[in-house]
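Presented sequentially are two complexes of chain A, the first with chain B as partner and the second with chain C.
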Partner chain A sequence: MSTPVIEVSKLNKTFSAGRADVQALADVSFTVEQGQFVTLVGPSGCGKSTLLQIMAGLTGPTSGEVRIEGEPIRAPMPEKIGMVFQDPTLLPWSTALANVEFPLDLRGVDRATRRGRCTALLELVGLREFADHYPHELSGGMRQRVAIARGLAQDPRLILMDEPFAALDEQTRTRMGHDLLDIWEKTRKTVFFITHSLAEAIYLSDVVLVMSTRPGRILDTIPINLPRPREIDIIGSEAFGRLRNRIWHMITEARA
Partner chain B sequence: MRPRTLKALAIAAAWLVAWEGVVRLGLINQIILAAPSDVIRAAATDGGLFLDAFATTALEIGAAIVIAWALGIGTGVIVGGSYRLSAAVAPILSSLFAIPLIILYPLLMAWLGIGSMSKVVFGVLSGFFPIALNTIDGVRAIDRRYLVFARSIGATRLQTYARIVFPLALPSIVSGLRVGTGLVVIGVVVTEMLASLGGIGFLISYHRTLFNTGHVYFGIVLALVMAVTVNIGLTWVERRIGLWRTLEQANG
Partner chain C sequence: MNPAVAGYLLFAAALFGGWELAARLAVVDPDLLPRFSHVCVLLWHLLQDPRFITDLGVTASEVAVAFAIAAPLAIATGFLLGERVHLAEMFNPVVHFILAVPQSIFLPVFILAFGIGFVEKVLFGMTHAYFVIVVNSFAAVRSVPRPLVSAARVFGASRSQIYTRIYLPAMLPLILTGLRLGMIFCIIGVILAEMYASRSGVGRLIFSWGEGYQVPELLAGILLLSVLTIAVNEVMRLAELRVSRFQARAAAT
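Moving on, here comes the complex of A and B:
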């Protein structure tokens, strides 16, 4: 068997907040295999984002280790890891295309290569005809699509997504999830996704990791064996409902 | 010419005629108010002298603006980029900005003489603080999520500053430039009036002591021309940057 894309082992993170220390993560371990769509779900403030920051090499753990394709991560690895945040953080003075090109531009990739690759990425996220639009001319969902295309620009093997659809309205959000699956199936990237929406987690994933309230620990790892490709109707199915109830009870009982 | 322009010219001409009339008729003392014809006569007799002075002052102002912008923005970006530095330095800069800097001029004169150097340095000092303070504010106010994004794509420190931080802080920097540049012009002209051997400020001050009101007015007109030119330049800069400032507002 090949090395897992992500190996998180015995991760702990403690913040010192004045006199008291706050433990954000407690003994977190899991692995993500090549090409999987794995979602971490948990209540707000449980340390999900802290975990993602450590996995991205943006901050260090107190103890434990994260390996990306076997290599311990200590600093961001932009050529291996693409990131999408809750806020699209687009550059307001650049067009959609220029925003997608930005990471390549900084790396010194020549204009023609950049243009070709990024136009294809905009096409992939369904924004080809919006290439010359500025962020303020795009809707919230469209901006997030640009951010997804930008996350794919350096052709990383792994995409980390930190509640990317949390700021969108319900309908846009469902639609974005559906389209994200489409993109995932076309690109065969490994996706690690964070959300607090149980439905979103189940709908998207191969595996759902359930995290407890602070200090965040992994309560369970739940394989989602719903058939793919998935249509939105699946959210109303009985199997879906059972999974949702199971995770719901797991989170609420751990809190009590 | 369009009717609006004609109308404006007609009003200006009427004002000038009225102004000339008021002085000629002796309604207002010529020492207080010089007639337009006196101003023209001053220009005709001493135009060459004024032109030299204009060049001196323009050069001083130009040099002071360039240095004040560079120092102000440079200091602002460096200080604003560090939490510790801005906590330590920003309060000092704000309190220095509150001091009427003109009280320092006698010292500058003693150190640098009464030539152009002391004017340029004083001009730079006048403009530096608002530019630096606004730049610090602009850099500090940047959404931190942009910095996380920059790190995630492997941007170097220089790239982060040049391509993300600086443009995001620009609206605030530009408002600092507007205040600071105006103060540079004032600083140079005022110090020329206090003590110097050349420049428009010097001529205004010199002719005032001789009660050559026509010359004083001509000097004032030239100083105004300079201030207006600087202002036009600033508006041009603002408009170029304003393009994405409006984008930003629409985005927020």
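Moving on, here comes the complex of A and C:
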């Protein structure tokens, strides 16, 4: 088997908060293979976002390491890693298209190439006719679609997603999940996704990593063998329900 | 019509109409309140008087030099305080103490130290402009959304790209607010210094017209300075509105 896209080994992160040190992550280890959709679920404040920040190269671990395609990460790797944040974090003074172009623009890619590639990406997320709109003219879901297109702009192998749909209403959220799977199947990126919604995790993923409350530890790695392509109805199926119960008990029992 | 424009016009009509009427009906002593129309004619003549234009030029150049030196210094100071937490902890209280003191009380000290020439006016104008711009620039740095900075870093932005592509556009509205207030304060400082002790400048003229009981000239001077400062303020405010419209709308959504 080839090098895993992500290798996290014995990762620890401790924050000093005044006199007491807070341990956010404890001995976190896992791997993600090429093309997989892997989701990390865990309760709020369990260190999920801290883990993602380390994986993105935004902050360093206290000990342990993260390797992306075999290369240890110490700083952001824009050509390898695209990211979608919980807030869309779009530039309010730039249009949707200019926002998608932003990562390429930073690298000095010429205008024509940028235009072509990013218009295609807006098409992929279903926003082609909104290219000239400013973020404040778009709905929450549309803004997050722009952010997904931006995450794909540098054509990275890996996309990190930090609860990207958490601020959306239930219907938009379900729809976005469905469309994300569509995009994933078209682009075959490796996706590492974070959420606190068990249903979202099971619906989207090949593998679900379950994290405990702080200090965050990986409680279990659960393969999701539901057939693909998945339709939204699958959420009501028996197999889906069993998986959800299993993860639910795992998280609540670990807390007790 | 734009309600703000209507408001200005209504206010001006009431003020100047009331003034003209009060003077014509001699409700107020005509020596104290000459007619508005009379003052306007006098102002027109003053504007053709080269000596008056020279005084106007002196004041304008004092304000321009003071602002041109103070503004970049103040923006740099505010930026440094905004970016360096420990510096801000040390010096923010100092800045606020200084802002609380009425700076006019230091004018006699400035005169003792620097005389009553161009340099003293410029320095006094600078100290007036400096602190208010520092405070606004500091707030501007703090208003830069941190998640945008993280996003830019993930997408490979260098430090200078973060400053030019994120900081600058995000900071611009508050920087412009600071510059506008700084300009007003700068004009106040220079005029005050001229009125208190000077050989030239519009401030000195206005003060001596008052002392000499030359009411029409005095009112003409006041009218002109009011119009000029309002014009400066409005131009800067328009620039501010232009750059802040995205941020304001983004915040509203």
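As a working rule, the second predicted complex is superposed on the first by the 256 of 256 C-alpha atoms of A that agree within 3 Å, B and C clash if a C-alpha of one lies under 4 Å from a C-alpha of the other, contacts with A are read in each partner's own complex, and residues count from 1 in each chain.
One rule holds in what follows: a residue touches a chain if its C-beta (ideal position, glycine included) is under 8 Å from a C-beta of that chain, and two chains touch if they have at least 3 such contacts.
Predicted model, so just to flag it, every value in this text is computed and none were measured.
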{"item": "Side-by-side fit of chain B and chain C on chain A, or clash", "value": "clash"}
{"item": "Partner chain(s) touched by A:L219 [first = chain B, second = chain C, both, neither]", "value": "neither"}
{"item": "Contacts of A:P135 with chain B and chain C, given as first, second, both or neither", "value": "both"}
{"item": "Chain B versus chain C as contact partner of A:A56, first or second or both or neither", "value": "both"}
{"item": "Partner chain in contact with A:A199 - chain B first, chain C second, else both or neither", "value": "neither"}
{"item": "Overlap of chain C and chain B interfaces on chain A (superposed complexes)", "value": "56, 58, 76, 78-79, 81, 83, 85, 87, 89, 91-93, 102-103, 106-107, 134-136, 154"}
{"item": "For the chain A and chain B complex, residues of the former touching the latter", "value": "56, 58, 76-79, 81, 83, 85, 87, 89, 91-93, 102-103, 106-107, 134-136, 154"}
{"item": "Chain C-touching residues of chain A, taken from the complex the two chains share", "value": "56-58, 76, 78-79, 81, 83, 85, 87, 89, 91-93, 102-103, 106-107, 134-136, 150, 153-154"}
{"item": "Parts of chain B lying in touch with chain A, wherever the complex brings them together", "value": "143, 145-146, 148-149, 151-156, 159, 163-164, 167, 243-244, 247-248, 250-251"}
{"item": "Partner chain A, residues of chain C touching it in the complex", "value": "145, 147-148, 150-158, 161, 165-166, 169, 246-247, 249-250, 252-253"}
